[in-house]
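Shared chain: chain A. Partners: chain B in the first complex, chain C in the second.
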Partner chain A sequence: MCEIRILTGNYAVAEAVKQSNVDVIAAYPITPQTQIVEALTSMKEAGILKSRIIRVESERSAMAVCIGAAFTGCRVYTATSSQGLALMHELLYWAAASRLPIVMTNVNRALAPPWNIWVEHTDSLLERDVGWLQIYASSNQEVYDLIFQCFKLAELPTVQLPVMLCMDGFLISHTATPVELIDQRIIDEFLPDSPYTTSNYPFLDINKPLTYGNVISPVTNGKLYFKYRRLAHKAMLNSLSKFKIIQEEFGRLVGRTYGELLDSYKISDADIVLISMGTLFNQTINTVNVLRKEGYKVGAIRIRVFRPFPCKEIQRLCKYKQAVLVLDRNLAPGIGGILSWEIKSSLFELKTDVKIISAVAGLGGVEVTTNDITNFVKTAYNNIKNKKCRGIYWISP
Partner chain B sequence: MSAQQWAITWYGRGGQGAVTASNILAKAAFIDGFRFIQSFPFFSPERRGAPVKSFTRIGKTVINDYTSIHSSDILIVLDLKLLRNINLSKEINPGGYLIVNAADVSFTLPSKNQVKLYQVDANNIALNLSLKVAGLPVVNICMLGAFSKATGLVKLETILRVIEETWSGDFLNKNLKAAELAYEKCKIL
Partner chain C sequence: MNKILEICLDEFLLPGHAACAGCGAALALRHILKALGKNTIIIIPAGCSSIIQGVYPKTAFSNPVLNSAFDSAAAYCSGVIEGLKAKNKFKNINVVVWAGDGATFDIGLQALSGAAERNTDMIYFCDDNEAYMNTGIQSSSATPLGALTTTTPLIGKRERKKDIISIILAHEPTYLATAVSGYPVDLYNKVLKAKKYSGFRFIHILSPCPPGWRFDSKYTVTISKLAVDTGMWPLFEVVESKFNLTGPSLKLLNPKNRKNIETYLALQGRFSKLTKTEISIIQKFIDARWEQLKYLTNLKGRLFL
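Here is the complex of A and B:
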């Protein structure tokens, strides 16, 4: 039997990184990600982590080191949060457009001002269009399992893109729960130690210097820039089916699955579907249980893969529903919840009558209780019945 | 409260070890058959001496709650002075447990809740064992012993086993003794 330990999300991540035979780690500590860096450096000190840890003076430098290391074809990992992720922004785009399979954990935290270290998804959602895959977890076990899957997915020749694994600050990062560790032999089988191969570019070799990312003028050879961008888009779309395959393989070896691109709860006969990401989903399960007892036909969906966005799956599951209620733990001022806009765009082409209702909840780590969500669903449901339209719902204290 | 899930809140002061106690309880409860566990502090910057809270959920069924605990089945108070800030009729579920670190208890419980009140003089036990950090008695392990006696949810042997995995040397021996003594001396009022 595999070992089960009581671990916080951060320590679960560090264990998985240790088992993934990462070559280079460069990360700058920031709350609530700090424990990941702490754990990895103490593993290094104890001699049980083989990776080379390169110390840096900022998150921007951390990503720069990751880019340089990944260009040599080695396996690279970093982790950050909030302000740190924002500071990386320019290089995040660079890493993705260079097609470097870096894996990063982003521990979701609100952005300042005012200073706030608690959970919110706006930090990673701000980076939704830089070309990184984005996967959102909702438990410590899932975070642990996903690290291996992320490396495998990132390094596939048909994908070859960086992956951002997002988890809720404190709610996952600092909450200790049982985590079943996987035997190293199974990991080695699932995620071979050898570096990835690429047909997209030659690896960096200091003995054979090359220039990477040189100027492409729109006048002389502008088509090339276009081509690279389209290829990146194509690779992104490829990753959808590849991720499913990887999860099947993982499921066979380890025996755990989490739904493919989406996770769902009691949706087959539901009229109303609640959509959310991260641990908010677990809370919506409680709401579904409460409301089902009162006769409401409610179900819940969790978006696991946010980039590329699983439009087809959303369409398939929501097509014949009466209403889709989206809980956003993020805010794009002037638009509203980011996830709800993605859902609206996905469902638009179906031309169905499904009502899409958006609620912004839990900004800056504010607790969202089962009661809060239950009340929101009831209010929204009554408004739909009475044909009352209203804008965004705010689930706030 | 159900027979399947228990919500436990630890009230203490920074330095008393409420967070560590929560983590040890989580490990012990898991060994004793609660397959679903959460242990987490009240998420804020903590300082020595300042009031802190820590939470443990233990369950035989899946725990979907990701909020802090607002009404507990078991409430453990490491410093009696903190009781002033606790609304007992709101924060303990009917039929729940209140376990306090006190030499003697001179307050009355809101009776309608049928709360079971347990008392242990953990300060005394810790000081006698000179179980101190920075001059202050560390009472967390005593309270774990008391928890085991009062609720019976986790065996004392299991708590001792987890303590053995956590520390070593003199500090370990003192803590083992503390848990045993508290188990022995914890009594219902």
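Here is the complex of A and C:
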């Protein structure tokens, strides 16, 4: 029954968006996301896509159109990357604080200058605190499957938050692999039409005139602003358990699962854990296999949901390990790898002796090989054994 | 409609709104909403009207209002319209932007141009009080030559006002008009006319601002009328590529009918540092502009390039 096609990540995303019965799409082209926009507009012109598409003049307007359309109760979608995401920044906050279930694909790419169109996670990690859920995929099939799950999650009445689905530029977006497409009837069962039918979101309606977003003064009603922010936090935390349930349902219908908030490999008996996001995980699996043959007890974890951050799961899996080695394909100058700091924060309250080592790897799309990671693990492990402290490791140069 | 008594009696901008005394914008907004009616959704970017609408949980609007980011009102508007169309709810509904000069001439120009190019089915109102009044009278690209603001505090602005109308005209809107709050019948009629068309429509309104222009609040109507009667603010509309002067501006093609610009400038403290030379430069600019308006009035062919 299932059709298998050879698709790049971008085309897999476009197929999934087509199948999701999206009402309004607004997007602006940027490498390496461009093919998503091209594919969707071609589908539209060929008459096989029902969604309304607005060709906007910037990413800011793409997000503004999504916000406007979501305020009428529509299912909306956009896609961007790097500079485009940075340009959207303020509007990302507007979307999240308005509790609009927008789904966006961010194709991870480094930020200029100098111009660099290749993979890095700094672009989306810069937006980690704007109130969007962030989910990172590591294969074309996972990206395709996640689109449906993201819409479902975003639109849940107890969540009602926008979701950013991140995938590695070129390594996923432009790499063609077999992707198993899901029958439309199964999609329709999993993801029914119209986001608001089961919720009470008061969207724009001339018969119920409301003013959205006017001033809240700290003197007269300041507590309400505070309350809305707290509710957004609560909704974020709700999404953790809801995402697990959604994946279970998806797994039952489609037969594919990817771990829950985390994906892991040979973790149960491991002393050393390698943590990464996106396609780097595939390299860490190779590293685990190589090092296991040499007698190292290594395992690997992939963070799938970065916002909200799965602190409890990290604690559960890493509490009794000797060392946690974090591969960060991003850099916050002055701090180091962003993911490693999230891991450190999560493990801090356990007061364990686990050593947390940070390595910044593959910035600007620099290739990270299995060998690179293997050497890093050996060096870091030896340093720990010899009680030698050092700061960030750099892979490479 | 020719008489003010014929204007709709329903009020959509409600009493108790938070505008300053003598606010030209509130006056214009009141008449615009009367012309637009109940089935109207208003998008408001940051500006004076973010305040005029009042503080939560109160609102001075009886229409739905969506507050937007400063630069993105036109794009929000596109989104609302596409959303309503997708839900088959767009019939007989006006979705309009009500934006200040900062949100139109400066920070929002890109989104505005995008929405105009897409011929979005909207009316964009620019409420032009010629500076960033809400943040405390800072100069914008709509501020005229010589005007004192808090960012041109001593000698006044050195640049002329940006010609936004020509920029919008280049997008070939289906309807474009200028208006002032002091001639409400002209304004009201233009909104009624704009409603009849579909596609992108733009109405540019001069709104005198007592604290920003430094005049006593009792002079709002006087000053907005003087803006027209001196020829400083010509009232016109462009419909289907045809340019027409309207209302009191019709008779101003003859320079003798135009009042001296000093009558307009002298009432406003913001022009107190103008030199004689600068006043004559402004007068010459107005006269040259009217030559161009005369040319446009008589133009038989296509208005756009």
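As a convention for this text, the second predicted complex is superposed on the first by the 387 of 397 C-alpha atoms of A that agree within 3 Å, B and C clash if a C-alpha of one lies under 4 Å from a C-alpha of the other, contacts with A are read in each partner's own complex, and residues count from 1 in each chain.
Everything that follows uses one rule, which is that a residue touches a chain if its C-beta (ideal position, glycine included) is under 8 Å from a C-beta of that chain, and two chains touch if they have at least 3 such contacts.
For clarity, every value in this text was computed on a predicted model and none was experimentally measured.
**Student:** Is A:Thr369 touching the first partner chain B, the second partner chain C, both, or neither of them?
**Tutor:** first
**Student:** Just checking: does A:Ile384 make contact with chain B only, chain C only, both, or neither of them? Give me first, second, both or neither.
**Tutor:** Touch partners of A:Ile384: none, neither chain B nor chain C.
**Student:** Quick one: is A:Leu224 in contact with chain B, with chain C, with both, or with neither? Answer first, second, both or neither.
**Tutor:** A:Leu224 sits against chain C, while chain B stays out of touch.
**Student:** Between chain B (first) and chain C (second), which does A:Val290 come into contact with in this model arrangement: first, second, both, or neither?
**Tutor:** neither
**Student:** First (chain B), second (chain C), both or neither: which does A:Leu91 touch?
**Tutor:** A:Leu91: touches chain C, not chain B.
**Student:** So, A:Ile186: does it touch chain B (first), chain C (second), both, or neither?
**Tutor:** neither
**Student:** Taking the superposition as given, does A:Ala69 touch the first partner, chain B, the second, chain C, both, or neither?
**Tutor:** A:Ala69: touches chain C, not chain B.
**Student:** Between chain B and chain C, which one contacts more residues of chain A in the superposed model?
**Tutor:** Tallying touched residues of chain A, the top partner is C.
**Student:** Show which residues of chain A both chain B and chain C reach, each in its own complex.
**Tutor:** In chain A, nothing is touched by chain B and also by chain C.
**Student:** Which of the residues in chain B end up touching chain A in this complex?
**Tutor:** Chain B reaches chain A through residues 23, 26-27, 30, 35-41, 43, 64-68.
**Student:** Any idea which chain C residues touch chain A in the complex?
**Tutor:** It comes out as residues 38-41, 43, 50-51, 53-57, 59, 61-69, 71-72, 74-87, 89, 93, 110-111, 113-114, 117-118.
**Student:** So in the complex, which bits of chain A are touching chain B?
**Tutor:** 4, 6, 32, 117-118, 168, 170-171, 174-178, 279-280, 282-283, 285-286, 365, 367-370
**Student:** Which of the residues in chain A come into contact with chain C in the complex?
**Tutor:** 23-24, 26, 51-52, 54-58, 60-74, 76, 90-91, 94, 204-206, 208-217, 220-221, 224
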